[in-house]
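Order of writing sets the chain letters: A, B and C. Residues in each chain are counted from 1.
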Amino acid sequence: MDQSEIKNILEAALLAAGRPLSLDQLVGLFGKRSAPERQTLKEVLGELAFEYKDRGIELKEVGSGYRIQICSSMSDWLTPLWEERAPRYSRALLEVLSLIAYRQPITRGEIEEVRGVAVSTNIVRTILERGWVRVVGHRDVPGKPAMLGTTKRFLDYFGLKRLDELPSLSEIKDLEDLNAELALPEPSPQSGLLDELEEDSRELIEQAGVETELPDEKGGDVVSLAHPEVN
Amino acid sequence: MSELIGPRKPELKLVSTAPPVTGEAGLPAQDEMPFAVVEGEPVTELPRDLYIPPHALKVFLEAFEGPLDLLLYLIRRQNLNILDIPIAEVTKQYAHYIELMHDMEFELAGEYLVMAATLAEIKSRMLLPSPVASDEDEEDPRAELVRRLQEYQRFKEAAQDINALERLERDVSQATAKVVERRVVTKLPDITLKELLIAFKEAIERSDMFTRHHVQREPLSVRERMSQVLVSLESKKFTEFSQLFDSAEGRTGVTVTFLAILELLKESLIDVVQSEPYGPIHVRVAKGSESQEAITADA
Amino acid sequence: MDQSEIKNILEAALLAAGRPLSLDQLVGLFGKRSAPERQTLKEVLGELAFEYKDRGIELKEVGSGYRIQICSSMSDWLTPLWEERAPRYSRALLEVLSLIAYRQPITRGEIEEVRGVAVSTNIVRTILERGWVRVVGHRDVPGKPAMLGTTKRFLDYFGLKRLDELPSLSEIKDLEDLNAELALPEPSPQSGLLDELEEDSRELIEQAGVETELPDEKGGDVVSLAHPEVN
């Protein structure tokens, strides 16, 4: 076996393993009879390391062996890969935020009065951190509760110049079918796989036969529904 | 090679007997012990053309994926054309298997029995003499069965094809390199204005506010300005009244600010002080209403 | 940014992600302003694929994007790395899967009709859990049975870009066309019949042992014992 073949095997093994491989483990790939010298393997590893120069990956020897790793110079480029999507905001948060927008300055207690339930500290913290609301003062009643108001960032986020660009109550009231058009974040039911996507499916039945791609929630996308049958 | 190419229309002849089995010499002498009992009679010998080593029978039967699979096997094993099944013979063999399975107390799926009945029915239909006149239109009683067999066979083959595809875990694996520095960025959820409006609508509807307050044009700009005035007041002790107005905003802006101040006053959120008639008016946050520095998110 | 830099980033990303990345995701690595044309990325991917020729790895396009994978020619060499053997799937499961793949959307009842036998709940659960299929809707008949379809993950797993890359189905022959096809084989040779049958059943038993995953402490290992020949 020539060195380039050995190199291919070592590279494949290191990229397949997902963990560092010791020299012994690398030798072990070749079976007892045909195993190359350890020295040969080291040389080949050296070649591999050399080939990775000026690339985004490098061969590195760590405590438990050799591994192929991503160069740290790449990490800025790769951040989009690890972007996590925070869970959607709850209905409660949206209500609190909307009440602050329409009734500011408003205290937490006043929000609770309207909603009839306690406002969780988490919600308040989230919208404060997001920079959408701020404390604009304190009401002069026992406890001196903070009054909340919206910020410029809130307006920017929703593309409003001024707050009065928000529709009035009567305008909102007319939006009877607003609800139907919009998939609002509901507490997502932990249903079984089978029940999942039932909603999507109605739509799908209508479109059946047409090539369709559904957004995937968990299991990956449904691919083309077009009949793959070839006669 | 094939002088057997037939006339245009297949001749539906009945093959009533099994292909003659000769060469019995090769039969292993395993038949001393009965391996099955049929209607009280010990069976020491399987039908020759069904010979399976007895110890393997169970595995053999388990290997079938249902009656269609078993039928396909019988047909293929005899090198018969699926389009010209000698129904009588196949039925006979099939029945043998069913019997065997039954005798071995092999858990027999109902589908196998349904198939037996189907075969028997086809067989009897083929035995009936068909009127010569309507011969042309008469559908071959085997047609439906043949269709099902073919249909099943295609997917049996498709399954093999899929099994032969190069697949993860078995044939290939995802190549990965270690990421030493992984910066996780959390993307904050987005909301739309519509969602916000719906939330508001529902909160308000629940709270009955529509009925109590009657629907009115909410002076939102006043509300917003109330917040702004409060914030601009928070740092200083007294602010001159006139400083709260921005003439660049024009008449409407001035009016809004004025209304906001009145509203704040009404809610006792600010104090307005005038030390002498026609003197400068000063405004300050009402005692106890100052914002604590702690949580200001935006300026 | 020159092409070799782009290539380094793409290679690093594909190796870092540990999953296929779509062209959109690859474009997304470059931010909005500096993103290269999609066409450029495709070219670079082509170069990358070319560089991997004669190596133990390859660039493959599958359902949900591009991935770098270890060539199947390497898999014998790498068996010492794996503690577990790759899962095997029964004939029944593969038949059900192929029916879903070729006939989607399809209900369980329709699968049973073709196979002439009940579909076990275990099989359905397994393919759902593997994310190969999912419920894409419900048939508008009594009982509203779920209709199943395959996912991108199915394509990924079986190394397919699209469903139409599946091998084509065999034809159904009409009984009417029988005579055209009726190259009836010679009556089966009687002499060797018994041997033939024995062979048949042996084959079947072997198949049964392998494919139905009978606990095969001994028989199963035989396959993996074969060590790749070393030249």
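Here is the rule we go by: a contact is a pair of C-beta atoms (placed from the backbone, for glycine too) under 8 Å apart; a residue touches a chain by one contact, two chains touch by 3 or more.
Remember, predicted model here, so these are calculated numbers, not experimental data.
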From chain A, the most remote chain by mean C-alpha position: C
Distance-to-centre winner among chains (Cα means, whole assembly as reference): B
Between chain A and chain B, centroid-to-centroid distance (C-alpha), Å: 23
Interchain centroid distance [CA atoms averaged], chain A/chain C, Å: 28
Interchain centroid distance [CA atoms averaged], chain B/chain C, Å: 18
For chain A, residues contacting two or more additional chains: 12, 15-16, 18, 57, 68, 70, 78
Contacts with 2+ other chains: residues of chain B: 173, 175-177, 179
For the chain C and chain A complex, residues of the former touching the latter: 4, 8-9, 11-13, 15-18, 21, 25, 28-30, 54-57, 63-64, 68, 70-71, 74, 77-78, 80-81, 101-105, 128-129, 131, 134-140, 146-147, 149-156, 162-164, 166, 168-169, 171, 227-228, 230-231
Chain C partner contacts - residues on chain A that touch it in the complex: 1, 4, 8-9, 11-13, 15-18, 21, 25, 28-31, 33-34, 54-57, 68, 70-71, 74, 77-78, 80-81, 193-198, 200-202, 204-205, 208, 214, 216, 218-231
Chain B to chain C touching residues, read off their complex: 1-2, 4-10, 19-23, 26-27, 48-53, 56, 59-60, 62-63, 65-69, 73, 77-81, 83-84, 109, 111, 115, 140, 142-143, 146-148, 150-163, 165-177, 179
Contacting residues of chain B [partner chain A, same complex]: 173, 175-189, 191-204, 206-207, 209-210, 215-221, 223-224, 226-228, 230-231, 233-234, 267-269, 285-292, 294-298
Of chain A, residues touching chain B in the complex: 12, 15-16, 18, 20, 57, 67-70, 72, 75, 78-79, 82-89, 91, 94-95, 97-99, 101-105, 113-116, 128-140, 144, 146-147, 149-153, 158-160, 162-164, 166-170, 172-173, 175, 178-179, 181-182, 184-185
